[in-house]
Structures are given as structure tokens and as C-alpha cells.
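What follows is a set of notes on a single structure, which appears directly below.
Going in written order, the chains are labelled A, B, C and D, and every chain counts its residues from 1.
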Amino acid sequence: MARPGKKMLNDPKKVVAEMIEGLVLANDGRIAKLPHHNAIVRTDLPDSKVALLIGGGSGHEPLFHGFVGRNMGDGAACGQVFAAPSPDIIVAAAKTVHRGKGVLFLYGNYAGDNMNFDMAAEILQEDEDIEVRTVRITDDVAAAPPERVHDRRGIAGDVYAIKVTGGAAAELDSLAEVERVARKAVANIRSMAVAVSAGSIPETGKLTFELADDEIEIGMGAHGEAGVHRQKLTTADSIADQMMDKILADLPFGRGDEVALMINNLGATTMMEMLIVNRRVRQILDREGIRVHRSDVGTWVTTQEMAGLSITLMKLDEELKHYLDLPAESLGYSRM
Amino acid sequence: MADTLDLSAATAMLKAVSQAVIDQADVLTDADLAIGDGDHGTGMRRGFEGALAALDATPPESIDAAFKTVGMAILSETGGAAGAIFGTLFRSGAKGFAGRDTIDGGSFAAFLEAGLEAVLKRGGVVEGQKTIVDALAPAARAAKAAAGTLPARAKAAADGALVGVEATKGMVATTGKARSLGERSLGHPDPGAISASIILVAMHDFIARN
Amino acid sequence: MARPGKKMLNDPKKVVAEMIEGLVLANDGRIAKLPHHNAIVRTDLPDSKVALLIGGGSGHEPLFHGFVGRNMGDGAACGQVFAAPSPDIIVAAAKTVHRGKGVLFLYGNYAGDNMNFDMAAEILQEDEDIEVRTVRITDDVAAAPPERVHDRRGIAGDVYAIKVTGGAAAELDSLAEVERVARKAVANIRSMAVAVSAGSIPETGKLTFELADDEIEIGMGAHGEAGVHRQKLTTADSIADQMMDKILADLPFGRGDEVALMINNLGATTMMEMLIVNRRVRQILDREGIRVHRSDVGTWVTTQEMAGLSITLMKLDEELKHYLDLPAESLGYSRM
Amino acid sequence: MADTLDLSAATAMLKAVSQAVIDQADVLTDADLAIGDGDHGTGMRRGFEGALAALDATPPESIDAAFKTVGMAILSETGGAAGAIFGTLFRSGAKGFAGRDTIDGGSFAAFLEAGLEAVLKRGGVVEGQKTIVDALAPAARAAKAAAGTLPARAKAAADGALVGVEATKGMVATTGKARSLGERSLGHPDPGAISASIILVAMHDFIARN
């Protein structure tokens, strides 16, 4: 952990609070912060709708707080850096976005998030009589074998899960239906990441892991959790090949499938590299007879200044396509 | 050497415990860097700084209230896995002191037992998964078995926790962020278990000193 | 230049060609590459419109090639990394996007770009009888004093210049009118950057400059050109203060002005830092009585994996607002 | 020592020049890292590799065509400031050989003079701004003044260019990427001027050797 994090910050203990101030201002009035909690909500919420609450630890910006907006999340509960939000933040956010039709919790599958969101759900149901359903995102194929899906983490697939569920929550009138669509989305999303260099936590300035100058780690998680294996840095094509092998075999994706494809920057990787990887991924998909309905190449789920990228595929049917293709407007993800 | 602690001593103990955790935040962070995401020390510090502030802001009116105050502060300030677990330990453990105006050997053991039970439920874990529970469970068992005065029970709990921390080095993590390391988590102690031991050792230190 | 660049690439000499392949694929059919040149053009160009051609060196992705799309550039001429495109690329791209109403060249003001685009303009006018007008972007206040605007570089202000001009080129029917709007946009945009660490060129793997672990350089250019001064890394707020002093005094911006505000990532900086800087910039604008009409916080004009950010302000009138607020769709910049 | 070069010798010389630039690409990159953006070597290498390929693909039918071929390759492969400038030097300088089937002292001087004039116009610069021109202009002047045979003129040009490169160390850049450095560009030679000197030295070497 030789190289120290080098960041433009004020008080490292106040990064989340100051970030949320900046985030709200960057949304030009479309979101507001709750007065006493690190949570944000849309200011233009319709009177009646199933509410979609997302959230998790900070430090992965624009995830999650950047994905609140029209056809996306209705609110987000923001934890400290890499730490799940506490139940009181989640409860306060859920109460604010609730519009009489229940609240869907959608977040990445991590022990901390699971426990804190569960506690919040119990409080909401027992004390506030608000119906809550929970869907956990488990797209990281590197985290556990398919038969242990409940041990898989949520990584960049979060974006598609939120995008589809946000659309469903805008159009469907029942919590159970929105939950059904969210589960279908999650069941069809698979991702894998590769780390090239580490990020650092603002408060400690320490890198979250060590990699030699010529090493990469395939399958690394969004907090630097260990991946599938460590190896020498090879070519973009061979790295993409290794990742796609795992991803394609997992669902499995096959000939005739239609997919959405996301190449996501973990932080410090150049778009040039991502586009070069995108080229290879498309060659592979072509070879396999898999059609790309829609592509996203950009920065959505990061681990501070970690260098690396992730590849995400979501298998689509007409319903998923419909919700995915609805226009979206948020600081972190906008498409017409 | 205190055989029982009244409300003001219990409050003082909780403050001493908070300070001990805060002082060792860097140790916790480094342990979490080795097998987790490196935020355990900062999270624990936030939680126990919150606990200190809360105990100062509204001095608790009962021992179980004091423990609940600490639990609430951890739950809302620490966040992450540790916030939920240690928040639950103090909040649910407080039941051990319900209706009592002193901490004695029996209520101390009851605190650990009630806390552990709630933690197991909340975490959905069993012993051996390389978590806080692997320090807490032997501590709770030892405190119960010690069956003596408060100092003896507190000593047994602290020792049990330390043995537990040692034992986590030989465990492969099967929950939390360290899970992905698999075999590579071997040799490292569990950060959350270290925190549990710091808390129990600080409790015993306070009891032994006062 | 101790730390080597660590990148996922194939043949470092082919980065631009492979990147363009990946870029075209990422655009889901909305852009195409010219068969023999590193240039891309919209596939859905209307039959008749004033054409907007943008371009420059590669390595600053998503600039420029990511900004081709509806209400943005009609085509882009792509040079090698940090090298202006050659006249033949520019000529080929201009001929392809030309729709009988002339072509506006809009690009950053660098000696290399100026010479190559000028040569192309001469060829187009003399050999092809295509009318060309040129507007150079000069938003970097750190590059030269106000009386030497022609010595100023184009940096993140490129995005607003392209966004506004793209809108004008979609709606206005005469090249002279589109040129007028482009000039107005450029005249009202001011930017400044701060570098925290260097990026590296893919082909050489060398960092483009050296900064000590506790140093930053305020005013650094998009290729690592020297800035206003080098100093110790201080707080986000004090860095923002220094940058805003220069930017505000330059136009100058003043009480009652309405602006668009962009915080742009030079590559490896976290969104957390950018949002914290955004917070301070808004405090300053509030204090000065300057209203923010629209905010953009993200990654648009990069210098490979350089860490740092830039702040851009564009002073708006009703006309600029109108074109800026038109929806835009491109890989690098989309807003409803 | 060749007093004149015919078409095939001229073509061979252009290939030798190309190889010399390619061989020294790293020197150019390092010079550009010091005061520019670090791509000058890769750009020059691309351009002259293109020149070699073009000369091989379609052997030129005249000396001015050979120089134009090199100019076109640089113009389209190098890109950036150097592509425009060196492309122009060869393309416009080719006029010096128009209608001639040998390179002799006079046409060599005419090449440099015509090339320089076009470069000055294209770059919008004058001497003293720390550019290619600060090597080319003294070279062109020296070649003209030498007024003798080809080897003497080529030697004068090469020496003039080297003196010019030295002189750029004492200049503050006022155009191109180095401009922003201001005073900090002092002490460093100009990368483009180095390239010009490599080209002219390689020409002289070839002439002296053949």
C-alpha cells in the first residue's frame, strides 16, 4: 500500500455529507436531500406510484445516488464510503418516497446492506404499516458458483436492474408486479470485473489492495474483494475473452438471444481501453450469434480511483426491453 | 475491582469502551484492508464517537437505556455489516439489564447471551464463518460458565473473545466481504472479531480498575 | 516518469483504429466509420442541413468522437493520440457530412489542429467547391491573458460549444448563422483545469509530466501543457476558490448572469471529489449572485488517465439556452 | 561524395532519411515529453514509416514526385503540428526540383528555400518562436550562402540546423504546446527543430557517403 491516495477533499470525515450537497446542486432542483439524513429523493414524484428505493455505501459514484430521477430510483439511502446505510436513513427515505403503494428495496447483495435494509423493512412494516419488498442484485459471476447465487455480489448490473425496475415502477401499479419485473431483470443479468490498479478510501488514504505493476485481477469485486485469479497483464482481447467465457457460460447466453451490453469503468480506466474491449466483446457475441439490442459504455459503478472495467450482459425479452428503453434522466445515467 | 457497577459506573464503562475502540481504529482498518474493504476502523470510530456524544448529550436513566443508546449510535453511525451487528449486540443485549440498576455477574452474562442470540439471527450466521460471532460466542459461553462475580465473568469473556480472535485465523470466511477470498482468508484474523475482543477487553479493564 | 502506464490494450500502434471500431459498435448503428479514414459520421443525417464537423487528436475520449449524434456533431475527424487529424481525414469527413449547405469546422485551438483543418478547408474550397467556415474553441483561461485569446486552448468548454452549435446546426438554415451562434458560444465559455496526477500515452507508456505526490498543477492543459502554477495539494475548497477567481474575473461573469456549469473529470478523479468541488463552486456562484441554469458533472474531456478536473462556465442568453437545452443523444453526452 | 543525385539516388536518400527519423523516434518523444505532449517521436515515426511504404509501393517517376510522396505520407500519417509542417516542407519544397532530374547544389538550396517559405506561411510563425523554423531557416540560409557543390551545401544545411537546434534552447516558446511553459521552456531544445536537424544531417550523411 505504498502509493497514498491523492485526492481533492476538505475534511476527509465529511466527504459523504459534502458530496451529497454537491450532488443535490448538480441535479438542478430535480432531487432534494432529507433534512436530517444522508438520503435523497426526487422532487417531482407523482402522487401515486409504487416507490423504488435504492441505496448502498458511498464511494461508487455515480451509483447509487446518481441514479435517482425519472424512470430510475425514486430515492436513495446513502451510506458512508463502502458502508451500507443505517436503518434510520433507509426508513426516513422510504417514508418520504412512499406514495401509498408500497416500497421496493433494490440494492446490491452484501451482508451489510442486507442486514441494514432488512432492519429498516421490519421497522417500516411494524411501526409504519408500509409494505416493503426486497430484491437484491447478484450479477457478479465471479463471486460464487451459480448454485450459490445468494452469495453473489451486485456490481455494474445494478445499473440495468435499476433502469428496468425504475421503468416498471413508473408504469406498473402494484408492488408485486414491480417486484416481479425486478426479479426477472436480476435473474437475467450477469457481470464480471477486472481490476488493473487499486482505489483508496478517502478517510484513510489507503489503497484497498495491492497489485504488482504488471498484474491484474480478474473477477475482483466492487470493494476490492478477491477475484477469480490474479495474472500478468495481457492483451485487451485475451482479458475480454476470459471474462466473456465465464459470463456467457453462466446464464447461459446463447444463439438467438438479445442482450443489453454494458462496459463499465471502475474508475480510472480510459474510454479508449473500454472501447477496445467493447470491440472484442462484440466480435465474441457475433461469433456466438447473440444480438446486441443496446450498448452502454461509460462510468457508472466505480470503486473510487480503481482502474479496471466490468462487462455486463442482460438477456432481454419484450418486457425487459420496454422498460430498459424508456427514457431516463438522472445525473449518472441519462438516455433519450 | 468492582463487583457491581451502578448506572454512573456503567455509563463510565461504556465511555471507556468507546474510547478503546476509537483508539484502535487503525488496527481495525488494517485488518479489514487485509481481507475486507478497509473501512472497518473508520466505521467503528464513527459509531463509538456517536456513542460518546449520545451518552454526553442525554445521560441515560437506566443501564439498559445506556446500552441501547450505544447500540442506536452504532447502528446509525457505523453503517455496513459492523453497524448492524454491533448495534444489535448492544441494543438487544440491553435486555440482559432490563429492570436492573446494577451490572453484576449474572446480568453481564445475560447481556452477552441475549446480544449473541440477536446477532446470530440478524447475521444469519453460525460459528465458524469467520465473523464477530466467533469472538462473541466463546465470550458469552465463558461468561456463563465462569458463574462467579462480575470481574471473573468479565475476565472470562475477554479471554474467550481473544481466543476466538485467534481461532478466526484458521477459518475460511463464508460470509461478508472476505468470503470471496476463500482459502486466501486463512492466516488473517477477522476484523469484526477483533472489534468484539477490544470491546470485551475494555469492559474487563474498566471493571478490574474500578 | 517512474510509474509506467498500465493499460489493457492490444497492439499499442493500433489503439485508434481499434477504438473507432469499438466506438461505432457502441453507438448501436447511429454512426458509421468512413471506409478508408479514421472518421465517423451520423447514419441518420437529414437530407439538408448545415453540417457540423468536429474533431481533433484522440486520447481525450469521449471527446470528440463520442459527441457525434442528434443535435451534436454530424461527423468527427479522429487523429492519432494527441495528434490533430490529417487533412485527408478531415476532407473525407467533410465531404461525407456535407448536405449542400456548407460545413462548419469546430475544434480546439491548437497549432496542429489549426494547420491541418486549414489545409483541409483550402482543399474543400478549391477542389470541391464546398463552403467551409471555422470556429476555434478557446475556453482555457490559464493558457494566455484575455488580450491573447487566439493563444488559448480548447478544453472542456468544447462540450458546450459542440452542444450549442449542434443545436444551431440542426435548426438554422445558413452556415453564416450557425457560425454566428458558435462564435457567440465560444465567446461566452471560460474554463480552467487542475491536474493531480499525469496520464500516459498508450504507444510509449510514458507519463506526460511529473508531479510530486503532494503537488498539483493549476491551469494545466489537456495534454499536460504547463499551467498557471504548481503548488502543494490543498483542500478542494481552496483549489476551487483559486480556479473560480480566475474564471469569474476573465469574462467577467457578474451578478445577475445566468450560466451553465460543468465540472469535468480529466480521467481518474472520483465523482466524489467532483461533487465536493461542485458544492464549493455553487457557494461561490451564490455569493456572486450568478444563477446556474443547468449543471453537468461527469467525464467528457480527458487526458487519458490523468487525475484532475476542470471547471467550465458558459454565460447564457435566451438563444444559447435554447440550443443548449435541446435534447442530445451521443455516446459521450446524452440528455433529455 | 556525390555531386549530384539522380532519381534513384534521391529516392535512396529519402529512404535513408526516413530510417534515420524512425531510429531516433525515442529521442524526439523524450524531447516532446519535456516541453510538449510526448507524441512527437511516435508521430514522426508513423509519417516516415508511411513514406518508406509509399516509396516502395509506387517508385516515384521524378525527384519532385519523390519528395511529394514523402510529404503526402507525412501529412496523412504523422498528424499534429509536425505532420502539417514537415508535410508542407517536403510537398512545397519539391518545387525546388521541378523539371530537374538531378539534385545538385542549386536545386538542394532551392528545395530548402521553397520549403521554408511554405512552412512559414502554414505555421504562421517567424524565427525565434522555438519551432522547426529555427532549424530550417538557418539551414536554408547556410545552404544558399555556401553556393558550392551539393556536398558543401548539404553540410552547410546540416550544420546550420544543428546550430539552430542549440539556439532553440535559449528561446521561449510562443507557439505550439510548449507556449504555455513560457520561461520554463528555456534550456530545452525544440523537438520539431531536432527532427529537422535529423533530416538534414541524414541527407548530408547520405550525400557524403555516396
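Simple rule for what comes next: a residue touches a chain if its C-beta (ideal position, glycine included) is under 8 Å from a C-beta of that chain, and two chains touch if they have at least 3 such contacts.
Predicted, not measured: the structure shown is a model, and the values here were computed from it.
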Centroid distance [mean C-alpha coordinates] between subunit C and subunit A, Å: 28
Inter-chain centre distance, subunit A versus subunit B - centres from mean C-alpha coordinates, in Å: 32
Mean-CA-position distance for subunit D and subunit B (Å): 75
Geometric centre distance via CA averages, subunit D-subunit A, whole Å: 54
Per-residue overlap in subunit A, given as positions that touch at least 2 other chains: 81
Contact graph of the chains (line, ring, star, complete, other): line
Which chain pairs touch, all of them: A-B, A-C, C-D
In the complex with subunit D, residue positions of subunit C that touch it: 1, 57, 79-89, 110-112, 115-116, 118-119, 142-144, 151, 153, 201, 203-204, 206, 208-209, 221, 223-227
Contact set on subunit B toward subunit A in their complex: 29, 33, 36-39, 41-43, 46, 75-85, 87, 122-123, 175-182, 184
In the complex with subunit A, residue positions of subunit C that touch it: 3-4, 6-10, 15, 18-23, 25-28, 58-59, 61-62, 66, 81, 194, 196-197, 199, 202, 213-214, 216, 233, 235-237, 239, 263, 267-279, 282, 292, 294-299, 302, 304-305, 307, 309, 327, 329, 331, 334-336
